[in-house]
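What follows are several structures.
Next come two complexes, and both contain subunit A; in the first it sits with subunit B, in the second with subunit C.
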Partner chain A sequence: MSSVRLQLRYKLLLLVMLPMVAFSVSARGVYQTDEAFLTETFDGKVPKSSVIWIKGDLRKTVADILSHKYSGMRIRYWQQDERSAWILNEIGKEQPITFGVVIDAGKIAHVKVLAFRESRGGEIRYPAFTRQFTDAGLIGLELDRHIDGVSGATLSVWAMTAVTRLALYLDTLTT
Partner chain B sequence: MKFKRTLIAASLMAACTVANAAPSNEELYSMIQQLKAENAALKNQVDASDEAVEAVVVQAEKMATFSGVADKVSIGGYGELHYNNLDDQNGTADSDKIDFHRFVLFFGYEFSDDLRFFSELELEHSLSGDGKPGEVELEQAYIQYDMNGHNTVTGGLFLMPVGILNETHEPDTFYGTERNPVEKNIIPTTWWEAGLMFSGDLAEGLRYDVAMTSGLDVSKKDTKSTFKIRDGRQKVASAQANDLAYTGRLKWTAIPGVELAATMQYQENITQGNVAGTEEATLFETHAVIQQGDFGLRALYATWDLEGDTPKLTGYDEQTGWYVEPSYRISKHLGVFARYSEWDNQAGMSSIKSEMEQIDLGVNWWPHKNVVVKVDYQIQDNEKATGKELDGMNIGVGYSF
Partner chain C sequence: MVHHIRSWHRTIGALAALFLLILAITGIILNHTLDFKLDERHLNWPWILEHYGVSDVKADHVYWLDGNVLSQIDDQLFVDANPVAKSREPIVGGIHLDEMTVIASEDALILLSEDGEYIETMSSGVGIPSDIQRIGLHNGLPILQTRNGMWRSDFIMEEWKQTNLEGVSWSILTEMPDSVINDLAAYFHGKGITIERFVLDIHNGHILGALGKWILDFFGFLMVLLSLSGLWMWIKKS
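Then we have the complex of A and B:
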């Protein structure tokens, strides 16, 4: 191999490795802790949590919404007046994504990705995507609007859509 | 406990109804203190019961969700069965066949929160071995490490970051039974190499990938050099690695339903130095994927530039193609599409009639979001008057999980 070719290869290798030093370190995958999400949602005065037991017909409805059986026995939520907050895990492709969903008077106030563990599809955490859910309600068990997806993140988009539908439905059982 | 409370209550009632036996303030105070103590004891018992129930439920949920090593292992896959009924308009190369084109299994393992393994093993055309139509292929096998919240490094055998279908090609994610001919013949999808890749976010909705990998060898097919890009995939099978490849991609997805991306690749030598008169090669690819409501649009352009005198002799120095694919989702379960594709693997010499065109029209039916049935009709036009020109119907069934 010529020395010119070798030099070019080293330069390209350095270029490829540039990202290793170009970006600062931040917590991997966890964008907001559960506690911080609840504190933010309830202005620092987090109410005591309640639970909904997933049993009987409710278990079947939850499975319909998620397109698979729910493995837990109950779902925890926090409620104050007409506002409720839900922290739900749902698998995108391989790993669980942790979502925080806030509902005000039966409509989505906002949804956030609290932790993302998949290797692809992390774009769903950006406000440009999540703001599509703001003010969404339910018609039957479906959202009352179309959600535009993110190319290459279809499974993560499905997961977020499913948990917002689930939170909206469960919210109707608490009021 | 209940008996005690009843007794105290009865004492209080008796105290109230029998005026002469009215307890003194001290006695009342003593009774109230006794009640408070008992209430506190009861509350503690209830709290203890709640804690016990909570512990049992937590453990039961853990057992339902996790089972040791199993929670670190992920399994998935996809497959597609194709039926082609195609007539060669210019010759006798008809294609009437049914083929389980791809049977794929994914296996992954999470070593820790920031270190994982992923693999994809594929059986193509159902039967592999000497003289058999198919082959077993390792299409992905890599270790991926999260350097931080926004950047990962991938090492091993991975799919190249180029095109629309190369990395996401589960059959339920695209229209048409067969993958489009431009990505197949120009990019060439499915394309994997071995090496090192850094990926991450530059800004909200803006991702980068940069990779240093093994390269193509277009002299590999048979004994003579064809220079056709698709034939140059070494598939990391005892691949010659004299000359490497460097790839960079920028992908913008800041608006929901919109993806704009561009990839550049530089190959040190596209024949691994096996053919005299060949030098470096570069690939440029760009595409748009738009999904707004029920309307979808995919468009892609890709072109190769092969340096050196030898590829120029046969027009292989330029290989280029593009396609546009509008689609419409009639319902949650049904969608229709049309696609126009144009590609030319010998575009460097206009005197060679090598340009191909293809029109596809079809429908996808999803009985489940991960299961698809496809029916489409294709019409080809070969610039070469005597060249193969396949028109006809394709039917496919596909799934992923």
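Then we have the complex of A and C:
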């Protein structure tokens, strides 16, 4: 093979790989601060936060939902009328992903990725994926609908699903 | 010719003898790993730990915490040698407040119970001032020094007001005590190096690192020469 053709092949390969590398780098980051998320959720009038202590039977239920023990002793939330907001961390593959979940009258209003630290699976932050959760509620401890996965982002999808189930369940304890 | 080869054969034999002895003795020991439970027995001599690079435990930040030592190694936080929580941001100090321990990072407060159990991380969403530089106590209440001034709060720490106080007892940097270093080394590196690993590394030359591989190659080459010269002499004699 001539060196010109070989060079062309390398350049083509580089062109294909560059967007892949760029994507994996760009997926990591803080997309919205906690403060900005709450301000947006409550139209600038953020209510005082409350906490739910995770102990006794509740600790067991939370562990069932997450499929592992929750590491903290309490979970903080913000509530105004029927709307509540939850900022929760859950590990995707290796790193914690910070989710913001808003619940209106017992249903998911929306869910956002506030901070993503994994090298893969960042696709879950796109509205095209997160809108699957809109209006989702709980049946038992499960979501009332099927969530379509994203190829290459299975663990991140599981993390988001678990966090929305947890927020929905905890929301039932606040009203 | 035979006399010449015999002379070389003897020289090579003397050189290779030490290598063969080590190889044979370590081989016999390894053959009885299970009998002597060599994979369960550990060596923790300082020079061995140093050689394997597991003796150094260097904390990124160490603060005095009222009788305890608060430290950060990568994103793991320790009170003495107990892992208590994680923080991706560097910590800037810690205080005991009421029945809690409060650890400050640059953008959050990490709360621990009296028993060192992680409670939660409070950040900007709860009104914690950002760009924290240090944390301290004034009349038993928490004070934060940030890039935007000094802030005080109460035991709940949900409302912070700007202040300008003197006589704040700030959390201060300290040196890691030797006793905690040893405990942390045990936490990270377990009980030490197993005897099996140590003997195996002598057996295969890895104890000398990359150089060991080349030394082993050299002695292997000598063994080939020894075999060939021995065969040559035997053929000539017969």
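By definition in this document, the second predicted complex is superposed on the first by the 147 of 175 C-alpha atoms of A that agree within 3 Å, B and C clash if a C-alpha of one lies under 4 Å from a C-alpha of the other, contacts with A are read in each partner's own complex, and residues count from 1 in each chain.
In the analysis below, a residue touches a chain if its C-beta (ideal position, glycine included) is under 8 Å from a C-beta of that chain, and two chains touch if they have at least 3 such contacts.
Worth saying up front: this structure is predicted, and the values here are computed from it rather than measured.
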Checklist entry - Touch check for A:R76: first (subunit B), second (subunit C), both, or neither? => result second
Checklist entry - Now for A:T161: first (subunit B), second (subunit C), both, or neither, which partner does it touch? => result neither
Checklist entry - Which touches a greater number of subunit A residues, subunit B or subunit C? => result B
Next on the checklist: Is A:L38 touching anything from subunit B or subunit C once the two structures are fitted on A? First, second, both or neither.
Outcome noted: second
Next on the checklist: So in the superposed three-chain picture, is A:K48 touching just subunit B, just subunit C, both, or none of them (first/second/both/neither)?
Outcome noted: second
Next on the checklist: I'd like to know which partner A:K93 touches here: subunit B for first, subunit C for second, both or neither.
Outcome noted: first
Next on the checklist: If we overlay the two complexes on their shared chain A, which of subunit B and subunit C does A:S84 touch? Say first, second, both or neither.
Outcome noted: neither
Checklist outcome for this item: subunit A residues contacting subunit B in one complex and subunit C in the other 71-74, 117
Item to check | subunit C partner contacts - residues on subunit A that touch it in the complex | outcome: 33-35, 37-38, 48-49, 51, 71-76, 78, 87, 117
Checklist entry - What does subunit C use to touch subunit A in their complex? => result 88, 113, 117-126, 158
Item to check | List of subunit B residues in touch with subunit A within their complex | outcome: 57, 60-61, 64-65, 74, 76, 108, 110, 113-114, 116, 118, 144, 146-153, 164, 167-168, 173, 196, 198, 200-201, 204-205, 207-208, 210-212, 242, 244, 246, 253-259, 266, 268, 289, 291-294, 369
Checklist outcome for this item: In their shared complex, subunit B is touched by residues of subunit A numbered 1, 5, 8-9, 12-13, 15-20, 23-29, 31, 67, 71-74, 93-95, 117, 119, 122-123, 126-129, 132, 146-154, 158
